[in-house]
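Paired with subunit B in one complex and with subunit C in the other, subunit A is shared by the two complexes that follow.
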Partner chain A sequence: MSTHARKAPEPVASVITKPLPAGLQETASSEPVMLRPLLLPLLIGATCLLCLLPFALVLVISLGEKIEGAAWQWALDFSQYRRFFVGLEWPDSVSFLYSQKLFYSFYYATVGAVLAVTLAFPFTWLMTRQSRQLQTVWLVVLLSIVSLSEVFVVMGWDVLLSNRSGLPMVLREAGVTGWLKDNGFFPLLREWGLANPRDLKFKTSGFAVILTMTYLVWPYAVILLFPPLSRMDNSLMEAAQTMGARPMTVVRTVILPSIRIPLMGTTLLLFVFLLGVYVTVSVFAAPPQQTLTLSIYQSIRGATLNAPFGAAQAVVLLVSACLCLGASHYLANRSKSRS
Partner chain B sequence: MTTSTGSGQGLELKNVNKTFADGTTALDDINLSFPEGELTALLGPSGCGKTTLLRIIAGLESASTGTLILGGSDITTMPAYQRRFGMVFQSFALFPHLSVEDNVAYALSISGVDKTVRRKRALELLDLVKLAPLHARRIGELSGGQKQRVAIARALAQEPRLFLLDEPMSALDAQLREEMQIELRLLQQELGITTIVVTHDQREAMSMADSIVVMSAGHVEQTGSPQAVYSSPRSSFVASFIGKTNLLEGVVHDRQVEVAGVRLTPSSPPSFINGARVTVGCRPERTILHTDSQSSDQFIPASVKLVRDIGPVREVYLDADDRQLICELPSAGATRLSPGDAVRIEMPSEALHVYPRQESA
Partner chain C sequence: MPERKPVTPNTYMNSNASGIPASPSRRQALKLGAGATALAAGGLFSIPSFSADRTLRIGTYGGYFENSFKEFVYPAFTEATGIAVESVTQPNSSDWLVTMQQAAASGSSPTDLSLFARDTMIKASRIGGLIAPLDLAGNSSVNNLEEVFIYKPEDDILGVGAMSWFVSMVVNPDQVDVPASWADFWDSENFEASLGLSKLFNSFLLDITAATFFDGAATLSSKEGILAVIEKIAELKSNVALWWSAESQMEQAMKNEDVIGGMYFHDVATLMASDGFPIASVFPKEGNPQDYGSWCLSPLSEKSDEAKEFIAFSCDPSTQALMSRKIGTAPLLAQSKTDLSDDEFTAVSGTPAITPAYESYLDNETFISENWEKMLAS
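And now, the complex of A and B:
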């Protein structure tokens, strides 16, 4: 050790604790303190403004009174809700026209979401088994599909499913239509709305709506399922195999239960997304099978210009969707606590 | 451990090779047989191919060439789910969505065994690994040692024909590892099941196994009982990997080896031509240290670098011929030694092993 006397270094603490100039000290200490209590109310206020205020407005309008030939006026009128559930003529007669539209909204959204997730699951699983390079290529392709607007997608499927030049023509030329006719499948297909007396037809059918909806949300399902599936521990599946589980048993007993929460989350997200689909339904659904989304638009912007009725339909759709999501959440929690 | 043909329900590997898609050779002509009821440890450094070999045995990887025979039947192409081998993974691979009991009963559950029967069997197995009171717990609520026991119980549930363990102790702390080694060995002896354990810990292999397979760079270096492998290592790699050893470079002269100017005479004369460059090995506990002026032409001069007292033994680190050597002496009644002391080392003829020198590239 050196015995030379050395000048003691200035303590670090003294540098840190050196007082700031009066003005700076004030701003540095008081600004965050003043902002902190305001931050939470500001955030709550912004959330209310952005989320709750539009809903409150729609709710208020739904209770308003429609003025014939004009807009609407403030009121506490439940007649629009009565019209929705039992029809305008109630109690003389009952109409479930709008409940039927609500049913179709849920039907298409549920089937579309479940189908998209069902098709996305094996695809994503296989994708996670590929090399990193190939995964990147697939993800870029999926993202480019996502970037297409609904209008563009519907246009594409409109051509593909058109009776003269699309899939029905291909099936007719390939002899499939003739074979279906000869083997007595046509009456059944007609019953399902997939054929007319002469040919197969897909446009204005539930099949076309569901097909296009599934196509619309399938890339989202893959993108949402990719992280949990790629994170899955391979040794779990291998352990199941060594215990006698065949590949399908591994999927059923290990993989699906392990990603149950992401699967349910993805399905719910796609379901909510599909509830609002407009162009697909307006192009491919037959009028009696159209959804509430179309009806809402027609009420607000269509010939009738009935904003209170459009708002009442929107409120019913939103509340029903919330109830549906709440029920799913409850069931998921219950099955989690049981297992 | 034998390399002869298998018998009974033992497993036999014939000319097993594994080359991965990128051209890496993981296993090179492996011929082994695992006798029934024995615990065999596959021992080697990381990347030597021991886990690949275990995975091929389990059916989780396929061999590029070669044959696997179990009890006289060829199982080379049999899928993992048909082999009925219990396996404990390094990460334990317990199903997080199932309880402890359901994890153990999994194999029985998928094979359609009645719920009452599988529950009874699961509780029996959990009792065997002393975890019956925790049968209803979630996997996330268990400690590392408890998880390992559950993994063992689960692997045994289907009464496996072969019990495979891939580095089962690596996730445990030192004390728990020691306890589990003893418990696993007792359990294996109780069940009499043919067991293969992969480990890179030579102490673990020595303390648990009936026989050891030492592997290096995809091939088998040596097989035998732990004591045989320790006392008669067949290569300088085995000598240095299994326990500590003193390795010195020398040259063969007239059936003797000249090391640091001293001529050593191994009890079994080396079958090398004159002038061959060799490595001489001698275990630290067989190396004798002389502090007096007694001299012999077979003693190597050295100087003391460090003295370490480790309970019953004292390790003396020595500098000889620019190489570090270790000599183990009993602590009781040991001579006082200080760094820098000049000493002489004797490597007894019967403790000397001579290997061809591994020239570095």
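And now, the complex of A and C:
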């Protein structure tokens, strides 16, 4: 498609509803006309350079050949992909080790994103009903949580879940651990990996991973849901209530459908964000439940220096994520056209 | 072999009252390391600390390890030889190998001497063009080291040992009796969901298991042997509460009593014990694995004479003792050759030592890592 066929970008001032100060308007209108046709090709070029080129490099590296005991060399070898899907020793034996890791990447990201949005929705709804001042305070608090890096969050939960100073200690001191032991719940908890013969334990466990991941993205969910919820027209809900709808019915039939698209968008964004989480999984997940992110890092920078296999795993993760996003987009469109 | 930065007493004391280490976490360290690597590769680290005519750029693992070198070892070397040292931060051994590969391609090396773990050094020599032969003629102090610490794959010496460390059996003596053998860890009566072991395939659990239940390194020389050892380790899984990948994880887990035993670095465990935490570093009857780092010269370096002088200095018994006292590493020579007291020596070393099957880890690295991962994931 020719770039000339496209409409030239509108001046900034024209897409903003409020009029800009006089000085800014002057700047926008005095932009050299000569530069405008170049802007789009430049942006496309920059996107290619920053996004597509690294990806192309990863793709090419994934076709490289590993040299045992050394590093790797450029080649046209698809064996890394074969290793991913059926294991190293195929056809003698089949292993779905890396598919299992891929599954856990998606599992944690899905559960974390859905939980965060589920918990953020009622919170944000109540927040938007508060005074303007209180809303601002909440938003500032949320933004400061967002500024914490994953490392700090994980460190915090690590202490909160640890045996001597965290949740197991609280439950022990409160007599819950003793009660669970006396009433025969311990064997079941041990089976679930949430206890050892002496105490309750929450590390390492799927519980700790999901808890931390949900905590990590929950503030983002609130911040993303805040604008659509605060813009909601109260008269819609009042009308529903006047017609006899109970509060939960109002939520189900009025609020949720009207913010369906932001809800979906938020969940997908958080899902993509959680696919790449590293520290949480490396600290809280037991090896059988670890994700592809760890395996990619271990292949590329770990002792084996197997960059082609790391790259192949990255390509599979990316393609799977794209397929997943494409599928949700398709489903969203289909449900939209039905309704 | 396990990527580690031997820790000084300072590291441990930098933990605050709640037991949270003040030192950066692994993720931060990696980020910092990556940044430092990029800067180092760009030559931006090459800020001369002295205006001396003779200088040498030496890479060591960043953090307290490098700081201790800068504080105690390099000044002593400069005083003895007049050669100024520019310290360069290495994130660890295998990441540094990637940096050195890139440096070789660009024709400019960020260091003259690098510190490589044994497996990385062998890997670098197999890749080729990353390590220059060392001419150690007339360097008598190198003879102080035990022969195993001089890496001479063919005719040339490619690496000379710098310092070593042990990965030992640790237990919480308040919670459990001190075991006499590694085999005791397989006993679920005492250790169900209670151990902290390293998650990395090349962190010596294979060597420990081979030494305990099989014929040691010989068993690891064949694929059948490797599979048998991995199968034996699989029996241990129900007793493992934490498969750690960073030292700090295990340190916290022992302090918080999330685990009551496992494998950990002897020097740090000794420091923790001396500070009152319930941890005992034990040398069971099979022994503990001993790993070591080596000084390797970059082929792009023009400072081979200065490097030779530094290596001579490093091999000197007094320098080895200095490193044991200030950095917590084990000397690469007999205690009798140093002036270390018995207490000082046992704080950093012990017997017997298990020598890791380095060659097998490299010859079968994809095979071992895949089967190790399968065992962990099953």
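Everything below uses one rule, namely that the second predicted complex is superposed on the first by the 293 of 339 C-alpha atoms of A that agree within 3 Å, B and C clash if a C-alpha of one lies under 4 Å from a C-alpha of the other, contacts with A are read in each partner's own complex, and residues count from 1 in each chain.
Keep in mind that, in the parts below, contacts are C-beta pairs under 8 Å (C-beta built on N, C-alpha and C of every residue); 3 or more make two chains touch, one makes a residue touch a chain.
Just so you know, these numbers come straight off a predicted model, no measurement behind them.
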Quick one: on subunit A, after the overlay, do subunit B and subunit C clash, or do they fit? Just give me the call. fit
Contacts for A:T304 in the overlay, against subunit B (first) and subunit C (second): which applies, first, second, both or neither? second
Contacts of A:T249 with subunit B and subunit C, given as first, second, both or neither: first
Once the shared chain is lined up, is A:S258 touching subunit B (first), subunit C (second), both, or neither of them? first
Would you sort A:R190 into first (subunit B), second (subunit C), both or neither based on which partner it touches? second
Which superposed partner A:V140 touches (first subunit B, second subunit C, both, neither): neither
Dominant contact partner of subunit A by residue count, subunit C or subunit B: C
After lining up the shared chain so the two structures overlap, which partner does A:L97 touch, if you call subunit B first and subunit C second: first, second, both or neither? second
Report, in whole Å, the shortest distance between any C-alpha atom of subunit B and any C-alpha atom of subunit C after the two complexes are superposed. 46
Residue numbers of subunit B touching subunit A in their complex, please. 58-60, 79-87, 89-91, 93-98, 106-107, 109-111, 154-155, 157-158, 164
Where on subunit A is subunit C touching in the complex? 66-71, 83, 87-89, 95, 97, 100-101, 150-151, 154-155, 158-159, 162-166, 190, 193, 195-198, 201, 203-204, 278-279, 282-283, 286-288, 290, 295, 301-306
In the complex, subunit A residues that touch subunit B: 233, 235-236, 238-246, 249, 253-254, 257-258, 260, 339
Give the list of subunit C residues in touch with subunit A in this complex. 1, 3, 18-20, 25-28, 94-95, 97-98, 101, 119-120, 122-123, 126-127, 175, 192-194, 199-202, 241-243, 245-246, 249, 252-253, 255-258, 361-367, 369-370, 373-374, 376-378
